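Labels run A, B, C and D following the written order; every chain starts at residue 1.
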Amino acid sequence: MNNPMVWVIMLPLLASLITLAWPRRAHWIGLLFSVITLAFSMVLVYQVFNGGPQTHELGNWNAGLGIALRADALSASLLVMAMLVFTATTFYADAYFSDVNKRMRFWPLWLMLSTAINALLLSGDLFNLYVTLELLGLSAVALTALSDNRAALQASIRYLSIGLLGSLVFLAGVALIYTGYGILDLELLAQRIQAEPLAQVALTLMSAGLIIKSALFPMHFWLPAAHASAPAPVSAALSALVVKVSLYIILRLWIDVFDVVITPASALLIGILGAAAVIWGSWQALRAERLKLLAAYSTVAQLGYLFIFIPLITGLPEGQLRETAFTALVLLALTHGFAKSALFLSAGVVQHRAGHDRIADLAGTSRALPLTTFIIALSGVALIGLPPSGSFIAKWQLLAASIHSAQWWWIPVVATGSILAAAYTFRVLGHAFGPGDSAGKVLNWGREEIPALTLALFATVVLGLGSAGLWDFISNNSQFIGG
Amino acid sequence: MISEQLLFALCGIGIFSIGLRATLIHQQLLSRLLALNVCGAGVFLIFIAIAYRGETQIADPVPHALVLTGIVVAVSAMAMALALRHKLKDLNDE
Amino acid sequence: MNLFNSLPLLILLSSLLPGLAIFLLKEESHGLRTLLNLLGAVTKLLFVAIMIWGVFHERDIEMRWALGPGLELVLQADALSVLFVTLSTILWLVTTIYAIGYLENTPHRSRFFGFFSLCVTATVGLALSGNLFTFVIFYELLTLATYPLVAHKGSPMAVRGARIYLAYTLGGGILLLIGAVWLHTIAGPIEFTQGGLLSQLPHLDPNALRWIFLLLIIGLGVKAALFPLHGWLPQAMVAPAPVSALLHAVAVVKAGAFGIVRVVYDVYGVEFSASLNLLPFLGAMAAFTIIYGSVKALSQDHLKRRLAYSTISQVSYIALGTAIVGPLATIGGVVHLVHQGVMKITLFFAAGNYAENLGVHRVSEMDGIGKRMPATTLAFSIAVLGMIGIPPVAGFISKWYLGLGALQTGDGIWVIPVLLISSLLNAAYFLPILYRAWFKRAVTAWPEEKPKTGRWEMPGALMWPPVITASLALIIGLFAAAPYSPLEWASLIAEREY
Amino acid sequence: MTEWLWLFLDLTLILLLLTLAWLTCATHNNQKGVTYFIAFGLLLALAWARLKAPDLALAEAVIGAGISGALLLAAIKHDDDAQSVNKLPSIKLWMVNLLTVALATLMGWGVWHGLELSDGNRLADQVLAQVPESGVTNPVTAVLLNFRAYDTLLELAVVLTAVLAVLTLNPMRKTYVPAEPILQTMLSWLVPLLVVTSGYLLWVGAHAPGGAFQAGALLASALILLQLAQPTAYQAINLNWMRFLLIVGIAVFVSVGLLMMFLNTAFLGYSSSWSGILILVIETAATFSIASALAIAYMGGRPDGWETFETSTSSGHQGGKHS
């Protein structure tokens, strides 16, 4: 029982098998296992908090020969976020699928997705990362295809081929690394790596593959269709978690393993792509005609902010400033995960009730679905970066880091992005406030609205007011920051 | 020994590039799928080329195992892509 | 934690918790909603009374909650915050009563009163903020909480007005944020310090400080409706009358003015600001806004719009007082924070009553309204006289001290003509209203007259609030020298700042 | 002299590989593309053999060319011949060309530099030294099922995921014509042979080229051939058995892993005296799962009755209220 890292991967995997073998009880198994997995992820955070980064060498072979599972503050906090989002979405999904067969198809794949996410976050090995990426990609595509209409299928086919391309390019980078260093383990690699051509080429390839997968501008073109056409709980997981874990690998590579290889120019380049994503994604979100499409484009923009952090973090001297900027990055990623999943879940409720999610026809939503409207507003607050959400504090630190590292040009980007985010959020709310026929109770679809509300509150209140805890956690237990 | 490694690794890069180019160019799923598999084969060839350690020594077994895994993953992905294609055709026919 | 240190939190919770509870209430449970509203308002008043006593006796009232390295939520009470808190608490109570009457039998009251309470929570939080970071948080929260109030009616007009409001305030919010972050990076946590924090810190780049000051003042100036950032205020007039009252007198506009006072006095320090040559800029902006608002008000026939431009003009007196170095001007500016609030809220209550009871929205429709609604019109008249600056109503005191302050400095002599012209303009756009109301005869029927139900000219919940606030304006003018009066308190503030 | 001969042969092989890769990618005709692809796969198997990777040669022949080829051929069987080809605008085409050439140059530089950098051993010596501890003597099997067994476990999960997608997407294809009698006779010989070979490969994998994946693929081809001969044969299969076969590989793998974690603290940390037998148990279970998975993939969907609720959608689950 002493290895929560093993359990958080194996429990959803086992649950996936059981739901396949015993479809009639699938929802109970899914709920039970995700709650237990969540508990284990919290145990893991507790262990990291008290004992520092954790390692589990699989098969008792030392890392290098075998594969190690690793958890530090970054992966552990993302893991807990992922499990919270996943568990809440699981409760939501239990109520969401009205078609019995669809529900039966959903569970094994859904739990497989959780397996993939958890395995990816805890992986300490380059090739193992490739396998988890493929597991993640395939289960995500299969889930997207669950809403079986033409648009969804076309989107998922595109999603699949793009995903495969991304992982192959990543794998090509891994091949180069193995050629030069004969190492696949990340920690050993970090000790050996030098700023030499091989490492640069390999990093370029791996980053290119991951950029495709995490939909960084201009590789974002596949994301909106896929995320908008999937069933709501799946969209929530795709936007909040799936793209974010690819981003996690990029961070792991750029800030931890390959940090000696990074040149200011390359960091600046990735930051510029991030800035373009912020502006472009927000602009497209503002022009989107459907709520889910808006949410999907907003994901493109929000991921952009995370990339802007890379030139800032690498541009700051090691020490407290750098640590602060890094923690702000994590805080922003966590907040976005919670907020975006809440937004997609609410969009699902709206879609169920109205039969559509066209923004222009949302009039009366605030009367018929007051709580859902409130949740949309809360997630919007977090996406804009207004207090009391966690992203407010993160953006404060982002601006501070821009000033500290004398990279003032990110400031107008952040300001424009925030204004655009406010515009698209309040565009939805403005329509929702319009006159409508029926007035509903505060709580209408409890089994869908309460999970969404929980997530939205995590994004706004919990991460906003409790962010100091994250600072303690990250600064004490991160492998990278401060050398 | 180096020369064989380099030769086959460069061949792998060539195959990878051919596949990559075709993946980016083709619009149609099946052609794209073939291209992706060619692309993957190129990466596998790089792995196996550098695993080769001459006639006299046993080759490095780690890349062999990785590529075996990669082949199985590739065939799984292909099965899935073809199933998606089939479903889409059914929907289009309706 | 002793009682005094938890006071700020208690004051926040006394409106936050009822607000959250009201959201969950059914539309029909009027009784419970009213009870929660009033309970919250009265409890808050009680806590504020304790706080006044505490601040006067220089007790330490402060609580802190860390949010990250260098970022702390600080709630504290000093003389300035107490002044603002007291103002908002009292006016909130009155406005709540008014709103209960005003919104009777309209839909979505739970939502309305929920956000109403959140709005006051944000205002009070802003007043009690102990550092710039906390101030920025509550400043943004205030924007968020007022948006649904402005959009409350749900009509295309209302939604449009709310959108314009939002565009201005969020834009300003971002500039404020950038300024605050910048200041934070060069000077560390910006605790509000009497006499000014920055003046005590050596080795700061004066040019950077000037730019930051500009960012902060523009960010705050949006809410304070300084020209040319005032465009949202006339648009936001679509909101229900109690919301307009709150926006103009207590919450939004006041928050901007309060922020300017905080930045000049407690962040930069007034003398340090002067040494950086920042104050002439602020003073010019304020003086221009004063004249501009008055001129614009002249041509408005719509009553609420005329009042809106009057607000634009009047609030800038506060900024003007801040821009003049010297304790007397400080007193004038700070005390106007209270005086303008009390008088302007009366005007909006009265305007709401005219619209609600008779359907009168325009000045040209007001002929003879004094006979039909004497109590409301009397209250309106008192407030108008105060606005012009006629003794003994409170407004006179503010203008008097501003004038004295300007004379005291010497180089602020240019303020005198501004004051004179603005008073004349005030008279020019206000007195005709009084003339029509009292001396002209009603020619036609009122646009939409409601049948008279009780013994008063209209329901008591609507009639009494303006009467109460007008009396208040009279009392604080008459008894300006009494202990605990706003003037005395403003003098205390000035004393502690210099 | 032999060196030159080898070089000549190598260059020929490389040239052929590149040509077939190009042909596969260049054609817009699906039939041709698939044919080239299968040929490319077989040639690749030759390359693996040349580079002393017999395990891979076997796997490529059976899986890469065999099963993939079968899947592709089944998929394009009902395609229309006329295919609309959208030509890319030439500016975009040139950008793609430029990108590919640039990337290839970069990679070539990287590999060249990498080969200089490396001592040529990489993990090989470390692994080969530990093979005796692993319970098997075939080093590739040792890596796959012991040192990096976790990769293999996740790989089985990938296979299962793909099969789940196939099962959720389509019903089984039902358009087969019964085979000719002559083929029937041939199959009655071939199928048992394939099954026996598969068992042999599984067993021999411990010390010689072979193992679960190759064995599973062979078993799958036996099943596919059976299907070709007797299209109705699947109806006889109990669906619960099919579920069991699909999950048994991972189930056994995880169970062994967890059991070992209780005994030896590390997940999949075999007790060394037992490792040989444990690996065989895992491989056997995995063979069944892979075989059934690949067979289902070939069938293209779920058999009748796979979704137990297919007829009675009114089954009382609370979520039904939205419909």
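Following the convention adopted for this analysis, a residue touches a chain if its C-beta (ideal position, glycine included) is under 8 Å from a C-beta of that chain, and two chains touch if they have at least 3 such contacts.
Everything quoted here is computed from the prediction, not taken from an experiment.
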{"item": "Third chains touching both chain D and chain C", "value": "A"}
{"item": "Between A-D and A-B, the pair with more C-beta contacts", "value": "A-D"}
{"item": "Core chain by centroid distance, with centroids computed from Cα atoms only", "value": "A"}
{"item": "Approximate Å spacing (C-alpha centroids) for the pair chain B, chain C", "value": "69"}
{"item": "Whole-Å separation of chain centres (CA-atom averages), chain A against chain B", "value": "28"}
{"item": "Chain A and chain D: spacing of chain centres that average the CA atoms, whole Å", "value": "30"}
{"item": "Geometric centre distance via CA averages, chain D-chain B, whole Å", "value": "12"}
{"item": "Set of chain A residues in contact with two or more other chains", "value": "127, 131, 134, 138, 141-142, 145, 148, 172, 176, 178-179, 184"}
{"item": "Junction residues of chain B - those touching two or more other chains", "value": "9, 16, 20, 42, 46, 50, 62, 66, 69, 73, 76-77, 80, 84-85, 87"}
{"item": "Contact pairs between chains, per stated definition", "value": "A-B, A-C, A-D, B-D"}
{"item": "Residues of chain B defined as touching chain A within the complex", "value": "9, 16, 20, 23, 29, 32-33, 36, 39-40, 42-43, 46-47, 50, 62-63, 66, 69-70, 73, 76-77, 80-81, 84-85, 87-88, 91-92"}
{"item": "Chain B partner contacts - residues on chain A that touch it in the complex", "value": "127, 130-131, 134, 138, 141-142, 145, 148-150, 153-154, 156-157, 160-161, 164-165, 168-169, 171-172, 175-176, 178-179, 184"}
{"item": "Touching residues (chain side chain D, partner chain B) in the complex", "value": "7, 10-11, 14, 17-18, 21-22, 24-28, 30, 33-34, 37, 40-41, 44, 47-48, 51-53, 55-56, 59-60, 63-64, 67-68, 71-72, 75-76, 79, 83, 85-86, 88, 93, 96-97, 99-101, 103-104, 107-108, 111-112, 114-115, 118, 120-124, 127-128, 139-140, 142-144, 148, 151-152, 155, 158-159, 161-163, 165-166, 169-170, 213, 290, 293-294, 297, 300-301"}
{"item": "In the complex with chain D, residue positions of chain B that touch it", "value": "1-11, 13-22, 24-28, 30-31, 34-35, 37-38, 41-42, 44-46, 48-53, 55, 58-62, 64-69, 71-80, 82-87, 90"}
{"item": "Chain A contact footprint on chain D (complex, rising order)", "value": "103, 106-107, 109-111, 113-115, 117-119, 121-123, 126-127, 130, 146-151, 154-155, 157-158, 160-162, 164-165, 167-169, 243-244, 246-247, 250-251, 254, 257-258, 261, 264-270, 307-310, 313, 315, 317-323"}
